[in-house]
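Structures for review follow.
Note that subunit A is present in both complexes that follow, paired respectively with subunit B and with subunit C.
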Partner chain A sequence: MKSPWGELQELKGASTAQEEENGVRQAFSNDVLERYSRQMLLLRFGVEGQKRLSQKSVLVIGAGGLGCPAAMYLASAGVGRLGLLDRGDSVDRSNLHRQIGHTDASVGADKCLSLRDSLMRINPGSSICTLSTGITAKFALQLILPFDIVLDCTDNVESRYIISDACAALRKPLVSGSAIGFEGQLSVYCDSEESPCYRCIFPSPPPPDCVGSCDTAGVLGPVPGVIGTMQAVEALKLAAEIEGAEVCSRRMVLYDGLSCETRVIRLRSRSKTCRACGNPEDSSQRIVNPAEFDYGSFTLAGSCATPQSTDQGRLRATALLDKGRLKDALCIDVRPKEQFDMCSIGGFQNIPITKLSKELITIQNRVGDKEIILICRRGVDSATAVSMMRKAGIENATDVIGGLDAWRQECNPEFPTY
Partner chain B sequence: MITPSPICSRSIHIEILLIVKQCFGNEVGYSLLYFNDEIEFCVQRSDEMTMIVKVLFFAKAKELCGGVTSSSFELTGPTTTCATLFFPAFSKEALVNEHILKRFPQLESIIPICVLSLNLEYVEDVRELSDGDEIALIPPISGG
Partner chain C sequence: MTSVVLEFSGGLELLVDGKKRLEQEVPDKLTLGGLIGWIRSNLIKERHELFSQGQRIRPGVLVLINDVDWELEGKETYNLSSGDCISFISTLHGG
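Entry: the complex of A and B
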């Protein structure tokens, strides 16, 4: 199959060693020597390390909070070729507090191209190839094959298994980072014979309701910065083959920014029965090529997703335009307090869904014959809240289809996005 | 887990017991156990020992516990000088079901996918615990 990357240029290295000229012998051109001098000064790095680095290719998957700092350090350090892969998202203003490779001017632009522009500004000599397709199971092997080292900087469970399975199949070192809230994790997989893959450590995916995202749970900007930067350190150790370096393999770094504590857990070695890098007893369970594995149903396994409630009896956002109805009703916004404090519709009071069960009796006593109108960000939690109330015997509760997103789209474009 | 096995005749059994008695004296209780066809002996103090084990919560596990980073549990069980014995009272299942989930039932759905570490070392199961041990529940983080 043709490579999705098309024709990739050969790695030239950081310009070949210069012949003696005017009585001067030098390893690299003046520009290269100056640019990378501070890392070449390092005892274990030196000219040889720089040469090895310039002959390696690194793939950064995800151009977000982890991918930005990782790619910026790798491009700055003079990696031979850098591949950037992102699923074609465009830069959103809410990304900028952590995705430091993008600028306010690039809001709306393709993330891969925006990041590439930043990298070229830092190091115009970089060799960067981009694909705005994201990692897909179908092309995972082909996408990863041309690279020596892979960085997982993605933000979702499915991609993490696809990338790990492909790296396990190709035995490519995988530098895996993740971050949310104040916490981050870092580990290097598949870099040696004994080294486990992601699936060896996490054979079953988390239930979908246990997976937070930075968009909903929030994240402190520098936390993915710390982890992405550590991913760059690991990738440089691997690429420059720094003498005496100990790669974070068979170990997992847990970073908690809130307590400023770091723990390093010693991990197991490669699992003999791993579906991706071992030999499971039932050989049909073996994942040889991610293209043949159904990641969608795998990551949904264990899901206790409630069937989508019908929209019967629920309100369209436009119903909120009826000021009189709002005035007569008990209006409750069930989002977390942090979100409610950022913006809300006048007349709504905040009872976060996590606190709702404790408040049910108070509500029941207070509401009388009044209608209860519930709202949340997207109309999922509010529906759950309605059913909680029904179970508690509060019948006259309803909620807004699509939540505040629908309110913004259908009624009030001035309502903030976040 | 520990089943009597016919590999050891009565006379050998008594002989081993005598050796154990010479080593440890009469102050302690002891018994011979058979485990995976190997003879092991266990020396028990007459009093049961109470130990404190600290459980650390990370990422989603911490969030589900309302931001609690760690919680200490008091476990009671026999002390032992034998390093390879399996104590059902301290198995992972017992620790999780009888202690952690009793205090934090909201962790039920996430515990099966957590990496479990004992004193910073990955473990598949918990076989024995000592006073002051630190167990961590580490769910994967996916965000980036």
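Entry: the complex of A and C
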């Protein structure tokens, strides 16, 4: 199959100056020597390290909070070729506090192209290829094949399994980072015979409702910065083959910015029965090519969310335009306090869904035969809240389909986006 | 009673009132599986399924025995000793 990357030029390596010109012997051109001198001065790096680095290709998947700092350090260090892969998101103003490769001027622009522009400003000699398609199971092998090292800077479970399975199949070292809130994690997979893959450590995915995202749970900007930067360190160690370097495999770094504690934990070795990198007892379970594996059902399995049957009995956002109805009802916004404090609809009080079960009795005593109207950001938690209330015997509760997002779209475009 | 240190992170601390580290007296002669069941019944007040199904930890949680992956120590069958530090770490996915 043709590579989704098209024709990639062969890696040239850093330009070496002609030997003995005007009686001077030098390893690289003046520009290269000057630009990379501080890392070449390093005892274990040197000219040879720079040469190896310039002949390696690194793929950064995800141009967000992890991918920006990782790619910026890799491009500035002189990696031979850098691939950027992102699912075609455009830069949003709410990305900028952490996705430092983008600027206010690039809000609305394609993330891959915006990041590439930043990298070219830092190091105009960089060789950068971009694809705004994201990693897909179908093309995972072809997308990863042309690269020596892969960085997982994505933000979702499905991509993490696809990337790891493809790296396991191709035995490509995978530098995996993640961050949310004040915490980050880092590990390197598949970099040696004994090194496990992501699936060795996590054979089953978490239930979808246990997975937070930076968009909903929030994140302190520099926390993914710390982890993305550490991913660049690991990638440079691998690419330059730095002597004596110990890559973070069979280990995981846990960083907690809130307490400023860093721990390194020891992980198991490669599993002999891993579906991706071992030989499972039932050989039909073996994942040879991610294209043949159904990641959608795999990551959805084990959901413990309340199934949303129908929208019957739920309110359209436009129902909130009826001021009289709101006035007579008990209106509860079940988002976390931090979100409620940022913006809310007048007349709503805040009882976060995590505190709701404690408040049920109070609500029951207070509500009488009043209607209860529940709202949240997108209409998922509020539906859960309705079913919690029904279970507790509170019958007259309903919620708003699509939550505050729908309110903004259908009724009040002035309501803040966050 | 046996005294152990319990650690929760990666969001699991939210299930135990935001506490990341607890010095806890637990019944004697527990296995790690038994400890998981005990934590579920005694420390976690709601959304128990985010922690475990009975004695089985939910997928996506790394369990460490004194900073070492529990796979290397016998998982649920490990016998708790006084002074052990057991960590429950939810994997993160954001980026």
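FYI, the second predicted complex is superposed on the first by the 416 of 418 C-alpha atoms of A that agree within 3 Å, B and C clash if a C-alpha of one lies under 4 Å from a C-alpha of the other, contacts with A are read in each partner's own complex, and residues count from 1 in each chain.
The working rule: a contact is a pair of C-beta atoms (placed from the backbone, for glycine too) under 8 Å apart; a residue touches a chain by one contact, two chains touch by 3 or more.
Keep in mind it's a predicted model, so treat the numbers as computed, not measured.
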Discussion item. Quick check on the superposition: with subunit A as the shared anchor, is it clash or fit for subunit B versus subunit C?
Written reply: clash
Discussion item. Quick one: is A:349 in contact with subunit B, with subunit C, with both, or with neither? Answer first, second, both or neither.
Written reply: neither
Practice prompt. Could you tell me if A:357 is touching subunit B, subunit C, both of them or neither one (first, second, both, neither)?
Written response: second
Discussion item. Tell me the contact category for A:192 with respect to subunit B and subunit C: first, second, both or neither.
Written reply: neither
Fill in: Intersection of the subunit A residues that touch subunit B with those that touch subunit C
62, 64-67, 153-157, 160, 177-181, 183-185, 201-202, 204-207, 210-214, 217, 219, 224, 252, 254, 256, 259, 263, 265-268, 302, 304
Worksheet item: In their shared complex, at which residues does subunit B touch subunit A?
Response: 58-60, 62-63, 69, 109-110, 112-113, 115, 117, 120-122, 124, 136, 138-144
Discussion item. Under the stated contact criterion, what part of subunit C meets subunit A in this complex?
Written reply: 9-11, 14, 20, 46, 49-50, 58-62, 64, 67-69, 71-72, 87, 89-95
Fill in: subunit A residues within the subunit B interface of the complex
62, 64-67, 153-157, 160, 177-181, 183-185, 201-202, 204-207, 209-214, 217, 219, 224, 252, 254, 256, 259, 263-268, 302, 304
Worksheet item: What residues of subunit A sit close enough to touch subunit C in their complex?
Response: 62, 64-67, 153-157, 160, 177-181, 183-185, 201-207, 210-214, 217, 219, 224, 252, 254, 256, 259, 263, 265-268, 302, 304, 354, 357
